[in-house]
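These are the structures in question, set out in turn.
Next come two complexes, and both contain chain A; in the first it sits with chain B, in the second with chain C.
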Partner chain A sequence: MTGDYRRFALTRAAQAIVVVLLAYVFTFLIISVLPGDAITNTLRDPQHGLSEEDIQRIVAFYGLDQPVVIQLLLSLGRFLTGELGFSLQSNLPVSQLVGDALPSTLTLATTALVIAIVFAGAIAYGAQYLPGKWAAIVRSIPSFFLSVPNFVIGLVLIEFFAFRLHSFTTTDPNSPVATLFAAITLAIPVSAPLAEVLIASLDHESRQEYAVVARSRGLTEARLFAKHLVKPAALPSVAMVALIVGELLGGSVITETIFGRDGIGTVVQKAVTGEDQPVLQAVVSLSAVVFVAVNLVADLASPLLDPRVKIRETKLKEKVGA
Partner chain B sequence: MTAILSNAQLRNVGSASRKLTAGLPPATVILSFAVILVVILWSLVPGLFTSLSPVTGDTASKLAAPSAAHWFGTDYLGRDQYARVVHGTASSVTSALVAVLIGLVVGSIIGLASGFRGGWVDAVLGRFVDVLLAIPGFLLAVVIVSSLGFQTINAAIATGVSAVAVFARLMRAEVMRVRSASYVEASYLEGGNRLHALLGHVLPNAYRSVLVLAVLQFGTSILIIASLAFLGYGDPPPASDWGLLVASGKTYVTAPWLVYAPALVIVVTVLSVNRISRWLRNAK
Partner chain C sequence: MSADLLTVEGLSIAYGPTGVVHDVSFSVAKGESLALIGESGSGKSTIAKAVLRLLPHGEATAAGRVALNGRDILALPEKQFRPLRGRQLGFIPQDPASALNPVRTIGAQAQEAAALLGETDPSVRRGRILDVLEQVGLPDPVRVYDSYPHQLSGGMLQRVLIALTVLPRPSLIVADEPTSALDVTVQKLILDMLTELRRDLDISLLLITHDLAIAAERADSLVVLKDGAVQESGPSRDVFAAPRTDYARSLQADVPALHPDRYRDQRTAFQPARDGDYRTGHVSSPSARLQIDVRDVTKRFSAGGMDVLACDGVSFSVERGRTHALVGESGSGKTTAVRLLLGLEQPDGGQIAVAGQSTSGRSRAEVRDIRRHLQLVYQNPFTSLDPTWRVSRIIREPLDQFGVGTKPERAQRVREALEAVGLPSDVASRRPAHLSGGQRQRVAIARALVVRPDVVVLDEPTSALDVSVQAGILELLSKLQRELDLTYLFVSHDLALVRQVADTVSVLRKGQVVEDGAVEDIFSRPQHPYTRALLDSIPLATPAAALGEVATEAKQLAKATA
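For the complex of A and B:
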């Protein structure tokens, strides 16, 4: 088992590194499809106030006077050493821009994740234990959550809680209450797929023989849920963690714009409007790193958390070997 | 004896009436189809639903609340918001269709090639799909549309590219499932080739799950394209894509209907699409 597990872990880790590198190249190719000489146009925009010397330095740094392949190799080489380059708009190091924005997005995303888990858990519990008609209504909530655009949720929350009830002000987006509502906005679409998986696996587990036996022994539904069903029912959602992280990162662009927060999403939006390619390249590649890393951890953890997953492990190995 | 008879009769009556309703989908599904029909008509023949112009308005009646004359109220130029929603449908919905088509066609080709060829083709295409999955979907769409230029059609292409991976994975899984089935192996023994297996077995088997995913993805695409339009990455005004209407309406705090009307249209449309997708999935 341990030898097998080590081989499985090493193969998965190697795959993960390959995917990150390919994601970098793919992003680079998309971004350099940009028609025209956008990058030097951006540089020469008098608004940025870059001196001719600055421009020459940046052109030399990115190898802009050389073929795309050379630019890619230069850029990839730097990425591997952790160097993310400079923003074309502000001339600040990209790592500084990202570093400054990261705490805000991390706070938002973590709060949103907690809220999403609470929502999903409550929906799944309600779907299982509420009386018939109510359970049916609760079961349709995920589908409803998936149909409402993120920006509509945000605008409705702002309209009611900021403008009518004055629970928070949009001028202070980093206050705890404003952060909470921004997190709810981000959490609602994320909680839906999570709730669907929880509902399905809870349905499955509560039909298992061990649950029937426990009930026949006189265990109340609440104790059965807390003592026996929660753990196995929650395990399939571990595989969804990476997907959720992706949703949180993508959704932060919209949420941060609406609530006026200065986070990674805002950095992305400014980079898109200002055609700031190094910033876009860095943020997208870093998101891919985060996604792949979380996915890797989830994959490596699931055989350890649930002994039944051994089957899946061998399946994966077959796939790798093929 | 009579009791048994009547029981049997009752059962017969029961199954007969069930047969009658069995032909019809549930009421919510019929309602969903009705909504989609209206949306399709809005995009094909907007003139039938409103005689007002979506581009020019009467500034004397600007920011008017919803009324019999203006169902969704008017905006800051006095333009009828209902007319703007109706005329914005074509671009909002067609672009979602384009996105699904791109995801479906490109994804299916990748999935079929992976599943049938196996070996290095599968390994290479598999890594490509992994890469597409590794970049958060919305972020990928944003980068692609920023690279192609801010137009609704580019937003549709971007959304389509970010949908390729799910279709590729589904199609590959379907091929793998059917490929090793004994009736397909039997067809090889009878001299059938790969093309025959593809047309005769894989596609007919995969069609249902691909259709369910395509419908679901249509709803998702409407949302993503609306989000891109909301951020200003679609056609600029006076275009009236649903997402753009919400974005330009949000400046007028005193006229909340400018936000709520198009928002409600988006929600009801996507809700209907998702309902139909769920119905197709369960009708298996």
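For the complex of A and C:
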């Protein structure tokens, strides 16, 4: 089995790399077909005050006088060596811009992910074990969460907790409490699909014959839940969590704006308005890397978590039955 | 009646406003076995669940009295009932493949059962578990202990479940169709083992089954249920030999093992006198009469680096208007043989001819045309019909696909097909969900007939159906064969059924034909030990001495097969 698993892991990792490269190429092509020559427009902007030599240097660096294919190859080559180029707006290295913004966003996204999982788990448990009427109410929470836009939740939380209760101040958006509320804002809509999946698979598992048989062995509902139902019900949500990471990356732009945090969201926002091609390219590629990496981990984990996924093994043959 | 372990009095169960069980009473004495018999919808499983208090919360309401050792368990609060679970009341479920948690090892789940013994030391518990696994005939208990359910076969899983059930030494076991998901030879072994364990450990049994033959063979007394009400009850031999009610009589009449010649008249009426010297493989009958001729077909699959010979030189042939049966258990290669014949798989070697035309070396279109004369009726009518289509469209599909006739002609053909299978014309506008199992299988047969094929492949056509429905379908198939001069290839694991419907038979095992010939010869003089094992596994009501006429008939059959 280990040999099989290694082969499986290597194949998946190779596929992941291909996906990242394709995402890079795709982003590059999208940006290059955008109307207007973004780079030269920015460079020629008198506000930048770049000298002719500077411009020549930058043009040569990006191969801007070359055909798109050459530009792509140059850019891809630099990407593979970890060189992300320079921002056209600030002349700072892109790696520095992104590196400065990344910790803040990572803190926010990770906290949000944890909160989302906790929310989803609590909702799913409640939907399963609360008495009738309450369970029905709990079951409707995910659709409520989904239907309220992210920014409304954020504004309500700020209004109530920052301005009324003074739990945190908007002037210090990176304080732990402020981060917590920002993360809750981000987590609420994201927890909804996860909760739906958990509710559905708990419903499914608790109706399975094995749950009935386990009950016939005298297990209490709590033990049945903890020992039998949690694991199989959680398996489908592992893939869901991986997808949620994508949502968190996208959602962070809005949340960071509302809470006044500096992060990747802010970087993206500036890069888009300023047509800052190298920054855009870097951020999109970085998101692709994170997204693909998380999904890769989910893929690689599922055979370890679920024995049924293990690559085919020879069945113990029944020696008795003729 | 203090000797009664379980007493059920006036039990009625309803799901919401719909009553499914009405005023049912019976009792099981200590050490005795009682079988609840009925078809789907008879409420037999619901009664079992009520006895075990496993009815879904809030959905089902039970009234009446279910007493275990004199205590009314319906009235007990859950806290007081829980200690009885497993320790007093064991449960063996129907489908072993779904009755164990797929993501936990057998050992982890067995520990739960062992915990009921009150033993706290896990290693002692483990020893007890390994002992009981060995007791139920599992050859390598340690390996089983560490396995996940998907790594074991169905028969092994059912042994595991029985082991877990008897481990805490309950006084009553409720077994809900414990063998209906298993191969016939395994079925017999499991039932034998259960009978033995019961005797050794002095456990009472409440057996839920649809199979009257199994019930009569394994239970001391019977309760026949229909639509949630008791039709008849009493000692097995009485109910079985001399059923008093019409329903019990018809159930008895529908057991294939007891009435091998049931469809004989209908079928032989149109057939020329059977030539006694028929032998598959070396017949001299004109090949023009051969509708299907499969010669030495081989098919290899590779699974997990291992090559499996699904078909290893399989040969069989079927004459026009006759029925040939392919018999075998799971893994015997019968399904592969059918898939090869239907062109769903390509053989690695060998020849397949349909109506004298070889299918090898022909273009796709030509083969497709040959296949048109070959239609398939699937095993499970509950899954083989598209639930979103109306019946008329389901039946019309092959016509649309082959581009047969104009639109009104197709509609006419659909009407004719419906009429031929004995369905009212208003069924055409319904969807499968609104049809019963028997009606669905009739729709599936109509779909096969609508292109007017010469050959119909029947893949376990009645195994998902109740016996009484099964009889109706088999009657229909016999009638259609006579009227339309159809050739049938009948795939089944049920030898008793094969005896009723087939003229010739091939017994398959592990991809090879171990024996073939006329049905009478195979049944009266089986040559191969595997064929004998298959015949032995047909449940027969042999224990009772005075079963009357039916039993004599059954016994003759038993003798013939011994």
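Everything that follows uses one rule, which is that the second predicted complex is superposed on the first by the 298 of 322 C-alpha atoms of A that agree within 3 Å, B and C clash if a C-alpha of one lies under 4 Å from a C-alpha of the other, contacts with A are read in each partner's own complex, and residues count from 1 in each chain.
Throughout what follows, a contact is a pair of C-beta atoms (placed from the backbone, for glycine too) under 8 Å apart; a residue touches a chain by one contact, two chains touch by 3 or more.
Everything numeric here is computed off the predicted structure, so don't read it as measured data.
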Open item on the list: Once chain A of both complexes is superposed, is A:T220 in touch with chain B (first), chain C (second), both, or neither?
Closed with: second
TODO: Please indicate which partner A:L108 is in contact with in the superposed arrangement: first for chain B, second for chain C, both, or neither.
DONE: neither
- [ ] Considering only touches as defined above, state whether A:F291 meets chain B (first), chain C (second), both or neither.
- [x] first
- [ ] Mind working out whether A:L186 is in touch with chain B, chain C, both or neither, as first, second, both or neither?
- [x] neither
- [ ] Examine A:Q208 and indicate which partner it touches, taking first as chain B and second as chain C; both and neither are also allowed.
- [x] second
Task: Touched chain A residues, chain B compared with chain C - done: B
TODO: May I ask you to decide whether A:I31 touches chain B, chain C, both, or neither, giving the answer as first, second, both or neither?
DONE: first
Open item on the list: Quick one: is A:L157 in contact with chain B, with chain C, with both, or with neither? Answer first, second, both or neither.
Closed with: neither
Open item on the list: Looking at A:I123 after the superposition, I want to know if it touches chain B, chain C, both of them or none. Which is it: first, second, both, neither?
Closed with: neither
Task: Doubly contacted chain A residues - partners chain C and chain B - done: 322
- [ ] Flag every residue of chain A that touches chain B in the complex, lowest number first.
- [x] 15, 18-20, 22-23, 26-27, 30-31, 33-35, 143-144, 146-152, 155-156, 159, 163, 246-247, 249-251, 253-254, 257, 268-269, 272, 275, 280, 283-284, 287-288, 291-292, 295, 322
- [ ] Note which residues of chain B are touching chain A in the complex, please.
- [x] 118-119, 122, 127-128, 130-140, 142-144, 146-149, 219, 223, 226-227, 230-231, 233, 243, 246-247, 250, 253, 256, 259, 263, 266-267, 270-271, 274-275, 278
Task: chain A to chain C touching residues, read off their complex - done: 132, 208-210, 212-220, 227-228, 231-232, 235, 305-308, 311-322
Task: For the chain C and chain A complex, residues of the former touching the latter - done: 52, 54, 58, 82-87, 89-91, 93-95, 98-104, 109, 112-113, 116, 137, 139-140, 143-144, 147-148, 150-153, 155-156, 161, 164, 183, 185-186, 189, 303-304, 306, 530, 533
